[in-house]
Structures are given as structure tokens and as C-alpha cells.
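Worksheet: one structure, shown below.
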Amino acid sequence: MLGLGKTPEQIAAIAKEILGSGSTLLVTRATQEAFEAVRVIAPSAVYHDVARLISLRQQDVIPGKGSIVVAAAGTADLPVAEEAAITAELMGNCVERLYDVGVAGLHRLLAERERLAAARAIVVVAGMEGALPSVVSGLVSAPVIAVPTSVGYGASFGGIAALLGMLNSCASGVSVVNIDNGFGAGYTASLINHI
Amino acid sequence: MLGLGKTPEQIAAIAKEILGSGSTLLVTRATQEAFEAVRVIAPSAVYHDVARLISLRQQDVIPGKGSIVVAAAGTADLPVAEEAAITAELMGNCVERLYDVGVAGLHRLLAERERLAAARAIVVVAGMEGALPSVVSGLVSAPVIAVPTSVGYGASFGGIAALLGMLNSCASGVSVVNIDNGFGAGYTASLINHI
Amino acid sequence: MLGLGKTPEQIAAIAKEILGSGSTLLVTRATQEAFEAVRVIAPSAVYHDVARLISLRQQDVIPGKGSIVVAAAGTADLPVAEEAAITAELMGNCVERLYDVGVAGLHRLLAERERLAAARAIVVVAGMEGALPSVVSGLVSAPVIAVPTSVGYGASFGGIAALLGMLNSCASGVSVVNIDNGFGAGYTASLINHI
Amino acid sequence: MLGLGKTPEQIAAIAKEILGSGSTLLVTRATQEAFEAVRVIAPSAVYHDVARLISLRQQDVIPGKGSIVVAAAGTADLPVAEEAAITAELMGNCVERLYDVGVAGLHRLLAERERLAAARAIVVVAGMEGALPSVVSGLVSAPVIAVPTSVGYGASFGGIAALLGMLNSCASGVSVVNIDNGFGAGYTASLINHI
Amino acid sequence: MLGLGKTPEQIAAIAKEILGSGSTLLVTRATQEAFEAVRVIAPSAVYHDVARLISLRQQDVIPGKGSIVVAAAGTADLPVAEEAAITAELMGNCVERLYDVGVAGLHRLLAERERLAAARAIVVVAGMEGALPSVVSGLVSAPVIAVPTSVGYGASFGGIAALLGMLNSCASGVSVVNIDNGFGAGYTASLINHI
Amino acid sequence: MLGLGKTPEQIAAIAKEILGSGSTLLVTRATQEAFEAVRVIAPSAVYHDVARLISLRQQDVIPGKGSIVVAAAGTADLPVAEEAAITAELMGNCVERLYDVGVAGLHRLLAERERLAAARAIVVVAGMEGALPSVVSGLVSAPVIAVPTSVGYGASFGGIAALLGMLNSCASGVSVVNIDNGFGAGYTASLINHI
Amino acid sequence: MLGLGKTPEQIAAIAKEILGSGSTLLVTRATQEAFEAVRVIAPSAVYHDVARLISLRQQDVIPGKGSIVVAAAGTADLPVAEEAAITAELMGNCVERLYDVGVAGLHRLLAERERLAAARAIVVVAGMEGALPSVVSGLVSAPVIAVPTSVGYGASFGGIAALLGMLNSCASGVSVVNIDNGFGAGYTASLINHI
Amino acid sequence: MLGLGKTPEQIAAIAKEILGSGSTLLVTRATQEAFEAVRVIAPSAVYHDVARLISLRQQDVIPGKGSIVVAAAGTADLPVAEEAAITAELMGNCVERLYDVGVAGLHRLLAERERLAAARAIVVVAGMEGALPSVVSGLVSAPVIAVPTSVGYGASFGGIAALLGMLNSCASGVSVVNIDNGFGAGYTASLINHI
């Protein structure tokens, strides 16, 4: 459930319904206030503060077949990267995090080539010019799910620059989700890892 | 190789280099003139006129593990859908085509539910409002790769309306490639089908 | 009267003038503060908090001839949907609400086919990709008035994605009002229901 | 059927299918070449050159209950206005045309007040600043369907200026269709006139 | 001096310099805090709260030759209209205000025809669809300076809809200033009235 | 009359009507073909090929009171500048042309200071960054009517860069007309020169 | 390090790492809170409040070979101009500041011609129409690095107008950095001054 | 001189004037027709067909102090890259060309590290996502002048994606010129190489 645009009361009410049906709960873009409201009806719910997620796993999940890498360029991209990583973990996947691997310092990225090559699906999170997915995709043969972030200022236009960069990637195996949509990227990577 | 923005001579020269290395040739957005130039250096090359592709398979390809569905909403979307389908076929995949299944006539789409459910990856091609991927993704658990097309007029803005619709899909397993990028969608679907 | 961009004092002053002329009062986008100011001069005014409307009916209204359906995709779209519904009710129409019928869960929508078919005019409210009006219009022969909402994030651009999706609808009987303009949609539906 | 983006052969093939099912044929944005192709399979088809429409009525249509007015501001808006008018006529409506009634010469518009007031639905077609629907809607109580046209230059941006003007109309009963979408406006007006 | 983007201290410092040179002071977009800071160094400065202007006239101004009309469509446009009117008054012009004359209620505007016809220059302030300048210019032969305002919501895009409407006016004697730039319009009207 | 978007036949028909009423004829954006059609019904009509105007003066015009300067930055801006200049001349004004005075070569502009200072109204035509009106307005006290042109490439976006530059001018007496609208600028300058 | 989008704790942690490696610290877009957090781990760090920079020089820098001029048009542009100037100074350059030299008052700029001509690289900071770099570049032969600022309102669109103006400069030696990117401009100017 | 938007006759006339003054001639965006016209008045002029340039060197140029590298990602970027390279050569610089070094094949770029490190200024030309300048700038300490090209399709929007990517570069020494402006980049690189 997307927490954005809903009041804490609405979130708690929908959470109650989801939990009542026996499903796993996952609320994205959740504020601390929303968590307080959910905790009243579900005391064992967990709040992931960097990722701004509320979760409560209720079902046994089928484990993914391999690993998923979540790569991110900078510190300010971490909330989105963590949203992707935790989503994938909740869905039963083993997740490797590769953070601080921006394109202006290629050596750090190149040093991680082996971990990248071992993944069945790769989520790449980047703001500003959004060039990281093209570079990563050139190094591996796994599908790359690119997540533009709203990190940047001026002509980044809230993530449009990164979004356009990723849609125009000169590498072939890159597909893209909405700006800041870590959840969708983690979810799609999990679908691929469960095939 | 993207044929757009290259002269027939440049395309033929690059084709020669690719073929000399023993690789399979695939030229997208190729004109009939480009094909004439390529045929001089590679007489067995094939031209797919709806998809505007030149191809010449030279390598044995590893077959994909299941099938890929390519779904499209309307007649004007066929060039892009065929670009995706033929790309996937060249890469060793078994491809099912579901054409003429727009959202304003849901019964045709619902009648194909089983074929959709059997796919390991689904490419959905749509112009205008670009709503088809959301509806398809709600019916299946395979990853959906959405391809917006430049089909439409006025406020479709050359495919922007469809692109934005797909990026904002309320369904979770949808990722998106560039406007009219059938090749990228077919390629990504093939990567997924080969995992 | 549109409450947006007016101070509580200005709203109260204009409300006084409207009520003095014997007309029905309807203030959209009204804050609680505006309501307090209006209540001073019109103690029987009502505040609809989900819809953010102030109303006070003074005239006998001519009843509409049939019913109007207001359909909405998600919880976050409710303020706009309620603005449409209450506007239509104030103008003498019988309104049916169909909420939580998004395109990613078609079965809920298809289950309401009969209620949709019975309406003389249908208001469809949706954010994100804005695909619901196309699907609804494909199921009925009544005119559909589509209302894009600013619900979404990233590439929804405050409702532009939904607006463009609706303008490019592949269904023929869809017309569109401004982003979040529930009032205009309810008003137009009422005009149609009074013909 | 939208003729745009389809070859004459594709249009003729789809036309054959439509006519075979006994339905009325209507092709919008049709070129003279498309008409030649259609005439081969349907010799009694008619080409409306200002409106760029191909039509062939096969069914008895239920007559609309009142009249529809199609109003347009300038000479260059006529193709879109005619597309709306002929669509409505084919669907069984009596259509009144009010052309050359731009907002910079109000007296011509005001002189037609009575004909406007008599309509059950009004289609207003305008390019450039797109102000005509607001002015017309202020004069009548029928629903107004506004059609922005791509007529203009510079900052009209192919009809965006007119589209935005109409979406932001300060008059309440105005809804809008896509730029140059005369067909959709005529179709919607006919739905309203048949209620 | 534009107050926007300057601190109260910076505004007071620049005001001191202007006043020291014997010139008239005019600060636009000034907050109450800026006024407090200016009053310390210039106790006779005046704050116009609707227009958000600080002024202190120091020079004898040459009176304009005729009158300037400032027309506005709605209550929310008044801050910009007053900025234009007071600017023109400070520069020595006689200003007539015509407020609440929107295009959806033409009779109020038509009733003021004589006052409009008497002006040497007309400033027209409007938000939303920005249609008023076209209609006014069609009624008079004086130059019209159009000021789009950021009044509106959704697809008004902070005044872009009104700006584009005015730039595309079908009337010939209309020129346009920046969104919300009442000062520039009043200043230009004064230049014209002093020729 | 704007020739754009009208056929030669339509232009000739409207021209005939205008001339029949005794008015002066002025057709902007007219092709050579349109002129041939007009010449048949009005043999004394004149074609101005740089400005792409057809004209035929029929009435005695009241002469303007002073002179109008039309300034332009570069060779590619001349069609628009000439459209402004000839329009003003047809309306009875004495026009001075100052061409080739771009901001990157200030000395040429500064050398013309006296001619600028003598004008009652100044039309400034510029493409690319559109900086010339700001610089000119800083040198004079006459009102400046700025005309952005579609001259440029890449990020000039068909004149948007120049348009935005002019709307954001830091000089106070600048107002703006549509991209390439030399006619509107010449017309407005003439209104000012006839006050 | 860009401070934007990072918490004070994150900034302090990264600062500690940078300082531990012996490098010079520079944090842009830093709030007072971020400075408090940094001061705990680095008591000799300095806060430049106009420029919103935290700095602590640890290395001997190689002095630049000549001087760099930083020119700015208005008071509201100073934060960005100071960000550029202090960045260049920290990198060992001698910096001359030329503030308050807008294009609407050319004489102030022309009076500084000699200082401009003496620079090896010139940073020009401007908001609104962004015309200053074109004018400066026409006066000198040094490379000009243009910085658009988000200063302005309405159609300045947060700096887009200035950015487009600078990209479309009719002067040849101008290159551009992101909106408000004083750091990047100062850094690039320093690279040039150290060649 | 920019050839775009000028007729062959206008180009020849200006060329004559330039050559008469003893200066070097350089016409960008020149068609073959323009060259024919120039050759009549200057038989020794040269046409560079990939770069679409006409040149005729008349002056002794001061040689640049080091070398300039022009790097480009793909075949379709060559016209712009050659425009930059030939411009720099005409201004007396030694130019190294590094073509076919896109970010999806990093090894080719990394293999050229030494040549990149030896340059005093680097021009980087790229379309699509425009990521190359960031990667190059991370490898060197020379200033990088980035040139976005209009190469791409769909969401590249004629070079906007590449332009935004470059403006948002996470590397510090990158500045940007207009889309396809090879001339401006070569010119600026030459200014730097002559310091």
C-alpha cells in the first residue's frame, strides 16, 4: 500500500483489513505518525526509518532462486534503495547492497564486478544524471531495473533528468520504473528472481 | 544496431564489421535503402517490413526456457510490437502475439487470460493513454515490460501520454522502456526468459 | 465559489452576498477556517470535511431525471470524488458512489456493471495513470466525465499523467475536466441529467 | 476508426470488416488515398474533404431528441468543426453550425444567443487562446464540449494553449476532449442528445 | 525594487540608498517584515497590504495625460491588479478600477464599455484561462497590457495557462508581461499615458 | 488576416470580402501561392517577400504622431522584423529600422542611442536568448514591445528561450507578443503612436 | 560534498571521513544545523552564511596562475555568486567580485571592462532572463562560465528561463552549469586558471 | 556564422563581407547549396561534409599550447563532434579524436585514459542519456565541455535528455553548451587552450 496521500487513520484501517485477510503488510512512504496508528492495531509491525516503510510479514514466502543486487550512487539515494531492498527481502529474496558506486568514481564500481555478475536481477538507483544503469548494464547480462530518484536540484527537475537518462540508456537490458519507486523495482526484481 | 540517424553506407559498414566478428546482425529502424546497402555485403540478410528490421542470424542461440507474450492494443502499434517480437525470436525465444486487445474492449483481452498466464515475461505495447500494461499486470504474476508508442495525436505528444501512464501504473510488476523501443523490450524479455 | 486563493474574510463576504440573493451556497476547496468565518454569517451552513466543501441549500432544486454514478479508483481520490458527488446531490441528483474500483483489479469493476449501465451520466475520478475512464466507457453508453486527480508522485507530475491519459482515451464518449475539478464534473453531470 | 497512422491498405481491410458486420463506417483523418482504397471495397462510401472523413451509413439510427450546435471561431478551425458536425449527423442528430464567432468580435456571437439557447448540447471548437467555450457556457445552460484545435503558431504549441485555456475555464459546465478531436466531441454530444 | 528573494535587511539597505538619492521608493512583493525594517529608516513609508507594496513618494511626478483602466476578473486576482494600479498612481496617473468582470458573465463587462473606451491604456489582469484581454481588446482601440496571474489550480500550472492564452490572443493590440507582474504592467501603461 | 492554416482559395475569398467593405487588406504568413490567388481578385495587391505579407491599402490612414523604431539582432530575424515594420507603415507610421544590433556586439547598439531615444514606441525583435529588449529598454524611456523569434536551434525550442527571456526582463517597460508575431508588435506600436 | 538532501548527521559523518583522509572539506547548500553537527567533529570549520558553505582547508593548494572574475546581476543572486567565489578561493585562486552589474544598466558593466579583460576565466551569475553572460562574453576573450540562478518568479520557472537564455547565447565562448550551481562554476574556473 | 535560417544568398553576402575584412570564414550548419553560393565568391573555400562546415582560413592563427581531445559516443554523433574538432583546428589547436567510446562499453574508454589525461581541454559529445561527460570527467583533471546531441528518439526529446543529464553531472568540472553546438564547444576549448 502506498502511504502517500492517505491519513494515518486511513492507513491503519486499510492495514487492519490486509492483516485480517492473512496477507503480509507493506506500507511505503509511511510517516512516523502512520506507524503509530498502525502499531495500535498491529503491535508487531516494524518501521524501517531510512526506507520509510512499515512491514509485518504474515505469510511464509517462497524463497527467490538467486540473489538480487541493489546498487545506488549516493547517500541521498539511500531511502529509495532501501525501499527496493526491503521490499525484495520481504518477498523472500536474498539481497546484496552496493552503495556509493557513482559513475564519477568508476574504480569503486569496477571493483564490484563479480558481485554484480552473480545476480539474477539488478536494481540500480540513481538521481542527478541517472547514468549508473547504463554503465552497470554494460558490465552484466542480467536484466537491470532502473529507479530514477528525485535527488538533485535545478535542472534535475525532481528526477526528470534521471528518468530521461534511464529511458534513453544506450545499454539494451534496462527497463525503468517511476521516480523514487523503490517498491516497484524491488517487486519486479522479485518476480524475475522467482521465475 | 539502431539504424536511426545513420546513412545506408554507415549501416552497411557497421553491419560488415558485426558479421565479420561472427555475431548475429540486427538493425532497427532500418529503411528499405539501408537494406539494399546491407544486402550488397550480406545477401542472406532479411528485411522485416512491418517491424522495419534487418536481421541475419549467424550464431546458434540458447533457447529461452518458456514463452514470451507480446500484446498490443491497435493496428498502428504493430511496427513496434513486431520489433519486440522478432527481436525476442532472434534471441531464441518462443513468442506468442496477442494483437487488437485494447482496454476499451475488455472482453477480447479477458478471453486471452490463459495465454497471458502461461508466459514467463510479457511485453505490452500501447499508444494513446497507455493503459493496457496496468490491466494486463493485474491479471498475471509475470513481469510486464511496457512499451509506449508514439501512436496518437494532439495531447499524446508523440508518446509522452502513454509513457507517463505506464510509469504511473497502479499495478506493481510493470517496468517501462523508451517510446517506440520495441527492441529494448524484446531484449529485456529475452534476458528474463533465459534466467 | 472556488475557495482557493481567497481569505476566510473574502469567502464570508461573498457568501453573504450569494445568500442574500436567495441562491444556494457552495464553496469548494474550503478550509476549516473559512467554514468558521461563514458560520458566523450563516449558522446553518454545513461543512463536508472529506470533500472540503461548505454548502447551504436555499432553493428548491429541480430533481434530475435519472441517476449519476461517481466512480473512483483509490482512497486518495476520495476528496475529489466526494466534491463531485455532493455537488451533484446539491443540484438535485440521485448519486451512486462506486469507490475502490481500480483497473489493476478488474473483477471489482466488472461486478458493478449493472449499476454503471443504469446511470444517465458517469463521473470517473482517477489519479496515477488515469486509465479508469477508458475502461468504464468501454462498458457503458452513457457519457463519461473524467476527472484526473493530483494523486501520485514522481512522473505523475501533479496529475498531468492522469490528465493526458484521459484526453487520449481510446474510448469515444469521454470528456475531461481540470485536475482535481470534482465540482465541474458533478456540475456537468447534473446538466446532462437534467436535460 | 482513426485513420491516422494506418496505411490505406490497413484502413480498407478494417473498413471491410466493419461493413461486413453491418455497422456504419466512419474513418477520421482519412487522406484522399485512403478513400480511393476504401472505395474499391465500398463504392458508395462518401468522402467529406473539409472534415477529412470517410463515411458510409448502413444502419437506421435512432434520431437525437433535440439539436446540437457546433460553434467555431475561425476559418482554420473548420476541418475539426466539420468532423464534429458530420459525426453527430451520422449518429442521427440535427446539427446547427455557428461559424466565425470569435471572442474578439462579441457582437456576432451575441447575435446568435437564441440558437445557442435552443441546443441540448453544444460543441465549441477553437484554437489560439481557446476562450470561446467559456464565453458560450456563460450564455447557456446546456453542457458545452470544448475542442481545442492545433490552429495557431508560436506559443500555441500545437493546441496546448487552447487546451489549457479550456481546462481552466471559469465557466462550470465545460468539459474538454483531445486537441483536434472533433469526432470525440460530436460523439459525446450525440450521447447526450440521445439520453 | 522587487522584494522577492531579498531579506528585510537587504530591502531596508537598498531602500535607504534609493531614498538618499531623492528618488521615489517602491518595493513589490514586500512582506510585513520587510515593511517593519523599512519603516525604521523611513517612518513615512506606506504599506499597501492587498498589493503587498511599500511606497514612499519623494518626487513631484509629471501627471499622465489621460486615464488608465485596470480591469480584473476575480477576487483572487486583486493583489496583482492593485500592484498595477498603485504603481501607475505613484507614477502620476489617474487610474480607474474595473473589478469582477470575468468572461463567463459578459453583461457586467459590457456595462462598462464607456469607461473602457475612455482610457489611453488598459491593464487587464486574469488567471485561469486568461481570456479577458482578448474580449476587452475587441471592444476598444487602446493598447491592452495583459497580466496573467498564478490564480487557478491543476492544469493552470501556476499561471502558464493564462500566459499562453494571452500570448495567443486573437485580438491584435494585446501585449503581455510576466505572470503576476502587476508592477511591469502598471509601469508600461504609465509610459504610454505619458507619451 | 493570418494566412497560416488557410488555403489560397480561402484567403482570396476573405480578401475579397475585406476589400469589398472598403478596408485595407493585410495578409500575414502568406505564401507566393496565396498571393497569386489574391492577385486575381485584386490586381493592385503587393507582395512583400521578406516579410511574407500581402497588402493593399484602400483607406486614408491617420498618420502616427512620432516615429517607431524596429530593432533586430540578426539576419534570420528579418522576416519578423519586416512584418512589424510594414504593418506599422501601412497603419500610417514613420518607421526607422535598426538591424544587426545584437547584444554580443554592444558598440553597434550604443552607436544608435539617439535614434532609439527619439522613438515614441520601439519594437525589438530577437531570437536565441532574447536579451536585446532588456538592453534597449535600459537605454530609453519609450515602451518596448518585444517579439521573440523562432530563430535558433536545440534548446531554443522554437523560440521558447527567447520568449521566456523577454517575459523575465529585468527592465521595467517591456511587454511581449507571441513568438514570430511581428504583426501584433507593429499593430500595438501603431496604437501607441496614434494616442 | 553537496549538503542538499542529507541529514546533519550524514554530513558530519562524511565530513569526518574526508578530513580523516587529509583532504580539504567543502560542503555546499549547508544549513546552520549541518554546521553545528560538523563543528562537533571539526571545531575549526568555517561557515559562510551568504554562500551557505562549510569549509575547512587542510592542504596546501597550488595557486592559480591569474585571476578569476565572478560577476553577478543582482542582490538575490549573491548566494550563488559567493558559492562560486569561495569555492575558487579555497582552490587557490585570486577572485575579483563584480556585483550589481545587470544588463538594464549597462554603464556600470562597461565601467568594469578592464577588470573583466584581465581575468583568465569569468564566472557570470544571473537569474531572470540570464542575459549577462552574452553581454560579458562580447566584451572579453576569456572563457565565460555561466550560472543561471533560480531568482525570478512566474515564467522564470525556477531558473529555466535563465538557463535557456545562457544555452542559446549568441556569444561564442559561453558554457553553462546547472541552475544555482555556483560550486561547479567556481571549480571549473579554477581548473582553467590552473592549466 | 551560423548557416541555419539563412538563404544561400544571405550566406554568400555575409561571407563576402567577412572575407573582405581579412578574417577567417567559418559557416556552420551549411548545406551543399550554401557552399555552391559561397564558392562563387570564394573559390578556395572548403566544404567539410560530415561536419556541414564551410571554411576558409585567411589569417595566421596563434597555435594553442597543448592538445584538445574531442570524444564521442556513437556514429550518429559524428557531425557534431567533427564540427567541434574542425572549429578547434581552424583556431590553431592540435586535436585528438576519440570516437566510439560509449559508456555501455567502458573498456574502450578506459583504454584511452592516457590520451585523455594529456589534454588541456576535452570536448565530450553524446546523445541519448548523455552520460559520457560524467565518466570522462571522473578520469581526468582537465575541464570538460559537454555537447548534448539531438541523437536519439522518443523520450530523448531532440536532445533534452542528454542536455539534462550533462547539466546534472555528478562530476565537478563539466560545463555544457547548447544541443548540437559543436562550434561553441570547439571555440571554448580553444579559448582555454590559448590561455
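We call the chains A, B, C, D, E, F, G and H, going by the order they appear; numbering starts again at 1 in every chain.
One rule holds in what follows: a residue touches a chain if its C-beta (ideal position, glycine included) is under 8 Å from a C-beta of that chain, and two chains touch if they have at least 3 such contacts.
The model shown is predicted, which means the values in this text are computed figures rather than measured ones.
**Q** Please identify each chain that touches chain A as well as chain G.
**A** Expected: H.
**Q** Are the interface residues of chain F and chain H largely the same numbers on each copy, more than half shared, or largely different?
**A** At the contact between chain F and chain H, which are copies of one sequence, the residues are largely different (under half shared).
**Q** Suppose a student superposes the Cα atoms of chain B on chain G; what rotation angle should they report, nearest 5 degrees?
**A** Angle of the fitting rotation, chain B to chain G: 180 degrees.
**Q** Roughly how far is chain A from chain C, centre to centre by C-alpha average, rounded to an integer in Å?
**A** Each chain reduced to its C-alpha mean, chain A and chain C end up 35 Å apart.
**Q** Per the centroid of Cα atoms for each chain, what is the distance between chain C and chain D, given in Å?
**A** Their C-alpha centroids are separated by 26 Å.
**Q** Just the number, please: Cα centre separation of chain C and chain H in whole Å.
**A** It comes to 55 Å between the two C-alpha centres.
**Q** At least two other chains touched by the same residue of chain B: list those residues.
**A** As it turns out, chain B has residues touching two or more other chains at 154-156, 160, 163, 167-168, 178-179.
**Q** Could you please write down every pair of chains that are in touch?
**A** Final set of chain pairs in contact is A-B, A-C, A-G, A-H, B-C, B-D, B-H, C-D, C-E, D-E, D-F, E-F, E-G, F-G, F-H, G-H.
**Q** Under the touch definition given earlier, write down the residues of chain A that touch chain C in their complex.
**A** Residues in contact with chain C: 2, 4-6, 10, 14, 29, 148, 150, 158-160, 163, 178-181.
**Q** Applying the document's contact rule, which stretches of chain A touch chain G when the two form their complex?
**A** Result: residues 75-76, 151, 153-156 of chain A touch chain G.
**Q** In the complex formed with chain H, which residues of chain G make contact?
**A** So the residues of chain G touching chain H come out as 66, 120-121, 141-143, 145, 163, 167-168, 172-179, 183-185, 187-188, 191-192, 195.
**Q** For chain G, which residues count as touching chain F in their complex?
**A** 73-74, 102-106, 110, 128-131, 134-135, 137-139, 152, 154-157, 160-162, 164-171
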